[in-house]
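Structures follow.
The following pair of complexes shares a single chain, chain A, combined with chain B in the former and chain C in the latter.
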Partner chain A sequence: MVDRLTSPRFLRAVLPAASFAILLIAIFYLKPRTMSYFGLNLMLQYTVPIALATIAQMFIITVNDLDLSIGPFVGLTACIGATWLADTPLLGILALAGCVAAYAALGALIHWRNLPSIVVTLGMSFVWLGIAVLILPTPGGTAPGWVKWLMGVKTPVVPFPIVATVVIGLVVHLLLMRSSYGAVLRGAGGNPRAIGRAGWSLLKTKMVMFGAAGFFGVLSGLSLIGLTSAADAHIADRYTLYAIAGVILGGGEFVGGRVSPIGAVIGAMTLTLTGSFLTFLKISPDWQIGAQGGILIIVLALRALINRREGLV
Partner chain B sequence: MTSLTWISQKAWIWSFVGAFVVWLATALYIGGAGGTAVITTALSFATFTVIVGIGQMFVITTGPGNVDLSIPATISFSGAVAMKIMDGSNAMLPIGFAASMACGLVVGLFNYILIRILRIPPIIATLSSSFLVLSTAIAYGRGLKIKPPPLLAEFATARLLGIPVLAIVIILFAVVMSVVLNRTMYGRSVLAIGQNQRAAWLAGINVERIRFYTYVLSALLAALCGFLLSGFSGGASLNMGQEYLLASIAVVVIGGTSVAGGKANVPGIWGAAMFMFLLVTMLNTFGVSAGIRLILTGLIIVAVITIAGGDKPPR
Partner chain C sequence: MNASDETIVALEDVAKHFGAVKALDGVSLTVTSGECLGLVGHNGAGKSTLMHILAGTLDPDRGTIRVGGSDLSNRYNVGVAGENGVRCVFQELSLCPNLTVAENARVFHPSVTGFGWKRRAGTLIREMLDEIFPGHGIEAEDVVGDLSIGKRQMVEIARAFTTTDLPLRTVILDEPTSSLDAVTSGQLLRFIRRVLEQGVSCILTSHVLGEVLDVSDRIVVMKDGLVIATRKGSDFDRNSLVAAMGNVVEIDEIEQHEAREKLRGVAPVVVEAAADRARDTVSLTAHQGEIVGLAGLAGHGQTDLILKIYGAAMRGKGPVNVTRPVALVAGDRQTDGIFHLWSISANIGIRSLAKTVRRGLIDPLAEAAIGAEWRDRISIRTPDMQNNILSLSGGNQQKALFARALASDAEIILMDDPMRGVDVGTKLEVYDLIRAEAEKGRTFLWYTTEMDELYNCDHTFVFRDGAIVADLARGDLTEERVLHSSFQESA
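Right, the complex of A and B next:
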């Protein structure tokens, strides 16, 4: 029993949840009043869009790529959501579908020319930002009513952000970790040659994963404007970093298709809580991003320790 | 060797061709003597991109997965520290410069420790360290409105026969780095590691030491860029490094360095930096809106990498 509890595999799986729990306990200790429906709702409000962006990034990382454009992309979908989708729903839906298709096409391009995804997505981040600026030159617009309604739902007992995040994590877990095609998709990251030899199209897996990332990017943008009710081209610039950090905090490996959807949403929640934690400690907001970097490094260091023990065994 | 195969082997020529075409279009549009003014301005601004581009080039050349994302944060950090220490005094110039280089050294060391000891992939390592560095810069440089020492400002904006002095210095520096890349033990080791890390190791190259030098070099150059840039633009600002994330990677790629590693060239970085700046100038003179300008910049980078991307890493 003790062997099982101290096995590297178990420790690695438990690390994301443990980091989240420690952070949450620290916050409850500092401000006992946050231990309430209202407190949790307020602290975790922005978890939903961040978790969705993190899932999007996770899909890309599964196939050994990295998306440096997810932040501006979420910003673009937020701008489309707050303008076209609200005014002329049909045009808005078409535009958002176009965004998802564009992502799938990027996946195809990266596979076809064997391109480094960071350069491609870094270039695309300018394209997304440019389009967003064209659509919405100054901050403004209004979120469609139904989006605002959905994001403002009051669930009984457990606050909505937690319910929504858990649902997102579970749905993606079922699709990616429990379905047979999900195994193929992860295999395309773990051992592309084997998947290719087995007769699966690697082009298709890349397109599916990028398309899925685009779809979750759209959901992230929409849920974000549901909370802010207005949009801005730069509204989600930081999401690129959040999303990468969320995946890594959640136990995702950088290469080899080893990812965890549940871990990723826990990672996103941990990141969101860091902000509140620092505020309660009265640490200046200057150190906000620094602390996120620090937490990332600590978690990675712990994981390196666990992995080293695995090497010894 | 026919001239055609010669040209196709020198990928960097295309960046200069591109820069020239874009310049010609701008010069014809504004007419008169404006064309030469555009070139000198482009030289001034391209200089800073070239400094960080050279560091990024060495990092990228060590192989797939190697890239330094901490450059923008290091630029801001080094600029803020140097400006605060010098406090506008010429006498403090050497100390300010030393402090700036120390910033670079610390960031480079830190990056390498994360990569080597914690085995964090370079992209994530440099990204997380950039969070810390940027936060330090923000906390340290809050409300920073210090003018650079007059001597530094003068040097950074001085012109010799109409050509920016700094550009001349950095052109010479680029020549030196080109020799370092192609003729020294270090440069050839970087290329060898990028081509095949295992073969390089078996050939007796100390792979880890070379990687260490490379990350430190990149951070030092970013720090130098921050130091000079704050002299050039009349003080440090916290977001002054921001645009150099894309720029440093873009000039390396457009300049004909292989992103798969093991193949690099320095002249292309100058061509690409000129091209990037002249392109923005051209779009500005044509009166294109900010949105279109961003879209075109992004699309050109994606287009260049798509055309250049065909070559598989040598095995």
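Right, the complex of A and C next:
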């Protein structure tokens, strides 16, 4: 029993949840009043868009790629949501569907020409930003009513952001970790050649994963304007790094198809909490990003330690 | 055996060329129902290429492929092979390490889907593992990456024999026992005999000739991309099979080498190493001015030993005794050898930085001087040594790598099968260069998979399963002896 509890695999699995719990306890200790429905709601309200962006990034990482454009992409979909989707819903829906299709096409391009995804998505991040600025040159617009309503739902007992995040994690877990095609998708990250040799189309797996990332990027943008009720092309620029950090904090690996949807949403929650935690510590906003990086490094160093121990066994 | 006349797979005049290398040069092959076909040959004979073409993972340049009577030549791929009941267990494993055993079984079977697929996939693979390898100790929920290499191979083999809605007619087994122990190998061979009785046919390669002889109804011998003999399994024995695999060439140079051989024991020992100390009876020794060959089938520990010697020389510790500075000539140019973005001169000079550095910076003139010197000495064909290394042909890139090692202060040159994919003209030039450098007192450790290159060595050590199994003086070196030692004595 003790062996199992100290085994590297178990430790690695609980690390995301443990870091979240420790952070939460620290916050409760600093500000006991946050230990309430209202307090949690306030601290975690931005978890939903970050969790959705993190899931989008996780899909890309599953097939051994990296998306450096998810932040500007979320910004673009937010701009579309706050303008076209609110004014002429049909045009808005078409534009958002086009965004998802564009993502799938990027996946196809990356597979077909065997391009490094980092380069392609870095370039695309400027394209997304440019389109977003064209659509909404100055901050503004209005979120559609139903989006605002959805993001403002008051769930009983447990605040909405927590419920929504848990639902997102579970749904993606079901799709990616439990479905039979999900096994093929993850296998395409673990050993692409084996998947190809078993007769599956690697082009299709790439397109599905990039398309899914685009879809969750759209959801992230919409949920974000549901909270802010207006949009700005730069509204989600930071999400690119948040999303990568969330996946890695949640136990995912950059290569090899080893990802965890549940871990990823926990990672996103942890990232959201670090902001509040640092504010409660009265660290000036100038230092917060650096301090957030520090927390990330500590958690990742812990995981590296666990992995090293595993290497010794 | 109830081998019928029903032909399952028929290949006709199949050829595959990789650039100038003729991996397959017109091979015809048939496999009938319930038959086990053994496929043997030395490295580079074309066995793996043939198996990849049959499995649908490589397209042949020409030739026809028929499965179950229908001509599939132009539309043959992995999917078509699977639909027609042709499966393959590849030598380099094709499981996904991040998935569980059951998930890997599902990936193999498109029809295992829908509610409860995990349970069904798990049952499928567990039952087959139970049948082939009783007492295997593998759970369907185990993550493949956590399994030992032997267990992974067991999963891969069992997976190839599982059936759902698609027929199972032929299973190609490429070195299936390479990671199995004696017990599980025996279990597999008994299982193969059982499935043959059910009308499934197998194509088997193995470096353990005893296994091929035991289990095969018919044995096909390949050499240089051609089938050179096909006979009933019972017509071969170990000796006749080895004789069929390699023609014994007499070389006149033996006397020359024997003169050098006498230096053994006179010249000082510069390298002393054991491949695997636990099992080795022979340890490798190299004397100054000697060209020592490391032979055996590919991947049997030669590269590991070369890297071990290199590591010992660089760090000055370990079980290996190296007394002089070393340099390594990589075999895989593209990944281990060249710096793609650098000029030819910079690629050559990198091993001799001490000579070119002035006040902490690399002196471009000194570097260019080294480059110019070696361009003339080994005739690297380029208009300008400042050109990018990739402007050179493969053979000339390899020459630049030799120049890098020879320009350095190293007295021991380690060569990790450096002549792969190099044209004959370049090879002969490099052989002369090696000979000349050896005369000057440099020592060469030369891992090669080509028999002809061993004839350039003064002394040869044959590797098998990570250990040195034979120590041949030049006079004793014959292809037959190398083959005998490379293949295991008994099954």
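Keep this in mind: the second predicted complex is superposed on the first by the 313 of 313 C-alpha atoms of A that agree within 3 Å, B and C clash if a C-alpha of one lies under 4 Å from a C-alpha of the other, contacts with A are read in each partner's own complex, and residues count from 1 in each chain.
To be clear about the criterion, a contact is a pair of C-beta atoms (placed from the backbone, for glycine too) under 8 Å apart; a residue touches a chain by one contact, two chains touch by 3 or more.
Being a predicted model, the structure only gives us computed values, none of them experimental.
Peer 1: Which term applies to chain B and chain C once both are placed on chain A by superposition, clash or fit?
Peer 2: In the superposition, chain B runs into chain C.
Peer 1: Applying the touch criterion given at the start, work out whether A:196 contacts chain B, chain C, both or neither, answering first, second, both or neither.
Peer 2: So A:196 only meets chain C here.
Peer 1: Is A:109 touching anything from chain B or chain C once the two structures are fitted on A? First, second, both or neither.
Peer 2: The first partner, chain B, only.
Peer 1: After lining up the shared chain so the two structures overlap, which partner does A:125 touch, if you call chain B first and chain C second: first, second, both or neither?
Peer 2: After superposing on A, A:125 lies in contact with chain B but is clear of chain C.
Peer 1: If you count the residues of chain A that each partner touches, which comes out higher, chain B or chain C?
Peer 2: Greater contact footprint in residues on chain A: B.
Peer 1: Once the structures are superposed on A, label A:291 by its partner contacts, choosing first (chain B), second (chain C), both or neither.
Peer 2: first
Peer 1: In the overlay, answer first, second, both or neither for which of chain B and chain C A:133 touches.
Peer 2: first
Peer 1: Is A:258 in contact with chain B, with chain C, with both, or with neither (first, second, both, neither)?
Peer 2: A:258 contacts chain C only, not chain B.
Peer 1: Considering 168-176, 258-266 or 276-284, which region of chain B has C-alpha atoms that clash with chain C after the structures are aligned on chain A?
Peer 2: 258-266
Peer 1: Across the complex, what residues on chain A touch chain B?
Peer 2: Result: residues 66, 109, 113-116, 118-120, 122-134, 137, 241, 244-245, 248, 254-255, 284, 286-294, 296-297, 300-301, 304, 307 of chain A touch chain B.
Peer 1: Of all residues in chain A, which touch chain C in the complex?
Peer 2: These residues of chain A touch chain C: 9, 178, 180-181, 183-184, 186-187, 189-191, 193-200, 256-258.
Peer 1: Per the contact definition, I'd like the list of chain C residues that touch chain A in the complex.
Peer 2: It comes out as residues 55, 57, 77-79, 82, 88, 90, 93-99, 103-104, 106-108, 110, 112-114, 117-118, 145-146.
Peer 1: So in the complex, the part of chain B that touches chain A is made up of which residues?
Peer 2: Within the complex, chain B contacts chain A at residues 64, 67, 114, 117-121, 123-124, 127-132, 134-136, 138-139, 142, 245-246, 249-250, 253, 259-260, 289-302, 305-306, 309-310, 312.
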